[in-house]
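Each structure below appears as structure tokens.
You will see chain A twice below: alongside chain B first, and alongside chain C after that.
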Partner chain A sequence: MLVASALLSGLGLGSMYGLLALGFYVTHAVSHTVNFAQGSTMMLGAVVCFTVWVTFGLPLTLAVIVALAACTVWGALVERVAVRPFVARGSDAWLIATVALGIVIDNVILFTFGKDPRGMPPGILTTGSVTVAGIKIQYLQALIPVVGLLLAAGLHLSFQRSRYGKALLAVVQNKDAARLMGIDVERVIVAAFAVSGLLAGVAGILVAPLFTISSTMGTLFGIKAFAVAILGGIESAWGVVLAGLIYGVAEALIIAVLGSNYSQIVTFALVILALAVRPRGLFARAEVKKV
Partner chain B sequence: MSWRALLSAAVAVAGVCLLIARGDGYQCYIIALVGLTAIVGIGLNILLGLSGQISLGHVAFYAIGAYTVGVLTANLNWSFWLALPLAGVFAGLAGIVLAIPVLRVRGPYLAMATIAFGFVVQQGAAEWKGLTGGWNGLMNIPAPRLFAFEFDVREIALLVLGLTILALVCFARLSASPWGKAMRAVRDAEVASLSIGPAPNAAPSAKTREWVFSQRSSRSCMPRERQRPRATGVESTPTSRSPCGCSTNFRPTAFANPRPRQSESTAVHPVAQQSAGFPSITYRKGMFAVKAMIAPVDDRIAHPRGIDGWRAGLSVHQCANQSFQIASSPPKTETRNVARSSVSLARSSVGVPRNCSPHLSVVKSSAVTALLFQYKPRGNH
Partner chain C sequence: MWNPSPPRCDASLRRAWRHPWVFAAVVATSFATQAALAAEPILVGNIAALSGASAQSGEAITRGLSLAIDEVNAKGGLLGGRMLKLVQRDDDSTPPKGLIAARELIFKEKVAAIFGGIDTPVSLAMTPLMNKEKMIFMGVWAAGTGITRNGATPNYVFRVSAVDDLVDIKLLKYAHQKFGAGKAGLMLINNPWGESNQMGLLAASKADPTVQIAGVEKFENNDVDMVPQLARLKGSGADAIVLVVNAPPGAQMMKSRERMGWMVPVISHWGISGGRFPELAGPTAGDAHFVQTYSFFGKQSTAGARVLADLKKKYPQIKGPEDIFAPVGTANSYDAMHLLALAIEQAGSTDPDAVRAALENLKGSYAGLIKAYTQPFTPDSHDALGPDDYIMVHYEGDKVVPVQ
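Let's look at the complex of A and B:
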């Protein structure tokens, strides 16, 4: 019973980790850079959605659209401001620059949104529930993994089928050759960061009703998502999503068995252990190293 | 170090001393904080700057050191002067423990492993309430005493200044030592530096990485002689032709071996050995190649990023002079010239025709490596 509900919430959280981690995967694939402040982007999505919906009293659909647009623009902005100038000069400082930009947006939200954590008002998704085999399942809990997997599948399909997706795959394979073929590599990279921001926004909006909304809600989430991306081997989309589900379930089980005090110690120790056993992620193939 | 650098360093130290002497408590506190951050940064630089290993959980070692001093002085009434070096030792031991699992990963995977370590230490400190006081932390840590004299914030700032200078000097010594060179070789081209090792199983490069991990946070001890490679007893095989067509003894182990992990046992330490005067010409070529790779990357890390940029031209210039003995007309201004000349030197040493020039807008270490492995040497060695 306890385990079953832990599994359920673990699947939900895990697919959110998977979504955020997909954002890491997309940008890493095209540019070998990531937005380390992915958690802040997620927080931005939740905060904007809350502000437009609750504070301004506008319809929820509009709020979601505005929040997702804000996250997408923010993702592209991060690439322009914190990643490109450093990559262009062959520096690794984008790593710290994205972290810094994340801290900046965290504090901007802290000043404008306020210190107090707030909860999303109850809606049909959180109040309504179905009971399956004696376990009460909120609609939202059922919805989160579905949306997560659908988005992952949609991303996969659009990579394989659409023109832009193919350009992106070309850049992944060989940046120089793609450039010679007339693909605007810089634009593809910006697009990848925008998609990464969009995914973070979706995760933020979906997660917001489960937790409270505050300027610091994203930090730990972002780090866990990076752990998931790394465990999934950051080079395969399905590996990343699967690793997200595994991480979420493992974390929920640890909390159910050991209590929440030790959950972070144990999960992060497990991350180190998993990396020690499988240095290129859980689902990695043999390493090819070019000299 | 030139007299000019010494002079400016002395002026800077005197200036800081003056600031500490004249400043109020808060200013001294800020100066001390700057110094402490600098010490942590210097430790991190051994790992990131010299060895190219990313660590995002570095602050965990800071925490381990701080808790060691706190617990020893507040709970056990030890002397601060005994606790201070012990803190370094404990942080170093933690580095060794961390190195055992994270030796196996690199790049973003290493970054994640170190983040996870930082979290484990943070949460561990928060949950181990009996020892660390949980989220409240340790209180009433006594100020350091020297005989009957109790240190105030001003004296602590002076102490931090002294430790910062010590850390800087130790870092400079380490960086110039054979071990520093070995670390840079690992940073620039791990596989290449593995593959030039003439003596398998002599000193694993994994050892170097481990050593770096354990070394980075103990600030005062710099055991330069420890694990120093043997000066003799290494047989080179200059005549054996390797599959990639080089008659230099670039060993193809890293390529032939499907599991690069195993070839880690062929060592990076030959780089360290060049100071011991190893005779083989072919071996020196390997050294040369590694140095050629070091110089441009020095330029790369020093210049576009950060405060160090303004003196990058000077330092790279010096480095090139020492490494290659470019006696005639050393390039004066541009660091890129140095990089270019080092590549051309590397090229001429392995006999690459002049007309096949790599794209030199950004000189990459990998470009040099590719050159070295791609072309046959001209002479018969």
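Let's look at the complex of A and C:
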């Protein structure tokens, strides 16, 4: 029962990490850059959804749409403000620029939303549940992994099968060649960052009912999600989501077996160990370079 | 070598005193100085969480202090007409900010005493500074045992609030009496406050083994899911949870408990009353029974009825007891301010040593909000409240009401 309960809990949390880490995957796949403000974007999704729904009293559906739109626009803005200017000059300063932009949005939310953490009102997803083999499963707990896996599948398929997805991948292979083939490289990259923001928004809206909503709620999530992205190899949507699940389950099992005092120490030590054994991540293949 | 001449003004001074106008001038100046001193307010500081997750606790403390100060000033102030004036600083629930605020209040504002807020780590960080700088510190919420029992001699730190070690005895006893619990699982925040209570709860269980400790689990402020910790406690046979944490992570614990469907009794320290616990925890918020020192519900004493009426008058948003959030902060700080005022009056000055001595041997009795205080502090005990002064409450909606 203890292990089964921890497994269930870990799968839910791991899906969340995976969902957020998918955002790192999308931008990395297209531009070899990532948005380190991903945790802040997730927070933005939760805050906007709460504000529109609870504070303004508008319908939840509208709140979700507005929150996702805000995160999508924010993702695109991050690319224009904190990534493109530096990449254009061959600089790696986008690393700190995205971190800095995350801190800016955290503080803007702090001053506008307030420091007081808020809680989403209970709904059918958090109050309704099913019991399987003696373990109670909330609807939301079941929904999160499903959403994570569906999004991973969607991304995988759109990259592999759709014209636009292939265009995205072509950009990272060779920008100049892609440009010559008529692909609008800048637009493709900004679209990738917008999708990354959208994914973070989905994660924020899903995690909000389970957590307390505040300007700092995304910080630790962002760090763990990046660890997950690296662990998964960052070059595979499936790999990233699977790494998220592995990370979440490992974290929960460590607490269940060893106790909560050891969770962070052992989990991050395992990440280091895994990367020492497989430096490119658990699910990445070695990149082939033509010479 | 410089060899100054001895002052040769003694004879001239004696001559000057013989003139009536000189004498009159000196007397007039003396009265003017005394009048100026009388007009000078006595500043008292309050360093508490005025923003952030525990902002309601800070506001509750502010209300209690303000009400008591209004009452003292309405009676003509202290030390022959000096009015009390409150100077507040936000510690943001972080020890470094608390220390910065304490230094500012001591060295710049030159307050006569400082009141402390909800966070034990902040109060623990400030305690050595208070004793080093001989500043009277009056804790009105944080319950960490080591705050008042800090080993300093002389000790300038006092408290009108619960004490962890004593609360821990109360929590285990209540778990058994109310719910018939025999094995308590401890869910503690991973900080000095959690550690303080871990020691207290283990000691309480050792002293009275009616309730054994099934296990000890820790969690962080930002933890989302505490099901694994709870599952461990469940696996070790816990039939009640003893919770020590502030409102937001406490709410996460309640959500995790609800998620895993383990509807075990929850007996909590009072940290969960310092924020939006009912909103954050959701429908099961009322399941947590927690300790308080006062409730504005039920029949009120003379002081209780007066304070309730004054609160309604001063804060129009308060229509009744149900509108008083974090009542413990208001009650503790109200009584603490009055006790400090009595001590300053008894000491005849704001000199910290004199006030400390007066607090340790306060004459007469004071009919306060929480109880009638007779020598609330002694040189050996700087805590005015004990287990008999604690009550158990829970949330009904947003209201904190005593458990029947």
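Annotations
Simple rule for what comes next: the second predicted complex is superposed on the first by the 283 of 291 C-alpha atoms of A that agree within 3 Å, B and C clash if a C-alpha of one lies under 4 Å from a C-alpha of the other, contacts with A are read in each partner's own complex, and residues count from 1 in each chain.
Following the convention adopted for this analysis, contacts are C-beta pairs under 8 Å (C-beta built on N, C-alpha and C of every residue); 3 or more make two chains touch, one makes a residue touch a chain.
Nothing here was measured: the structure is a model prediction, and the numbers come from that model.
The superposition on chain A brings chain B alongside chain C with room for both. In the superposed pair of complexes, A:75 makes contact with neither chain B nor chain C.
Of the two partner chains, chain C is the only one touched by A:136; chain B is not.
Applying the stated contact rule after C-alpha superposition, one finds that A:230 touches chain B and leaves chain C untouched. Of the two partner chains placed by the overlay, only chain B lies in contact with A:273; chain C stays clear of it. In the superposed model, A:93 lies in contact with chain B only, and not with chain C.
In the superposition on chain A, A:6 makes contact with chain C only, while chain B stays out of contact range. Look at A:262: by the touch rule set out above, it reaches chain B but stays clear of chain C.
In the superposed pair of complexes, A:117 makes contact with chain C only, with no contact to chain B. Angle at the C-alpha centre of chain A formed with the centres of chain B and chain C, after superposition on chain A: 90°, rounded to the nearest 10.
Once chain A of one complex is fitted onto chain A of the other, the partner contacts of A:14 are absent, as it touches neither chain B nor chain C.
Overlay on chain A (Cα): least separation between chain B and chain C is 6 Å.
Shared contact residues of chain A, touching chain B in one structure and chain C in the other: 261. Interface of chain B with chain A (complex): residues 54, 100-102, 104-106, 108-109, 111-113, 115-117, 119-120, 123-124, 127, 189, 191-192, 195, 254-255, 258, 260, 300, 304-306, 362, 364, 366, 369-370, 373.
If you check the complex, the residues on chain A that touch chain B are 28, 34, 86, 89-93, 95, 223, 226-227, 230-231, 234, 261-262, 264-265, 268-269, 271-273, 275-276, 279-281, 286-287, 289-291.
Residues of chain C touching chain A in their complex: 51-53, 55, 190, 217-219, 222, 224-225, 227-229, 231-232, 234-235, 248, 251-252, 255, 259-261, 275-276, 279-283.
On chain A, the positions that touch chain C within their shared complex are 1-2, 5-6, 8-10, 12-13, 16, 115-119, 122, 126-127, 129, 131, 135-136, 138, 141, 207, 210-212, 214, 216-217, 219-220, 252-253, 255-256, 259-261.
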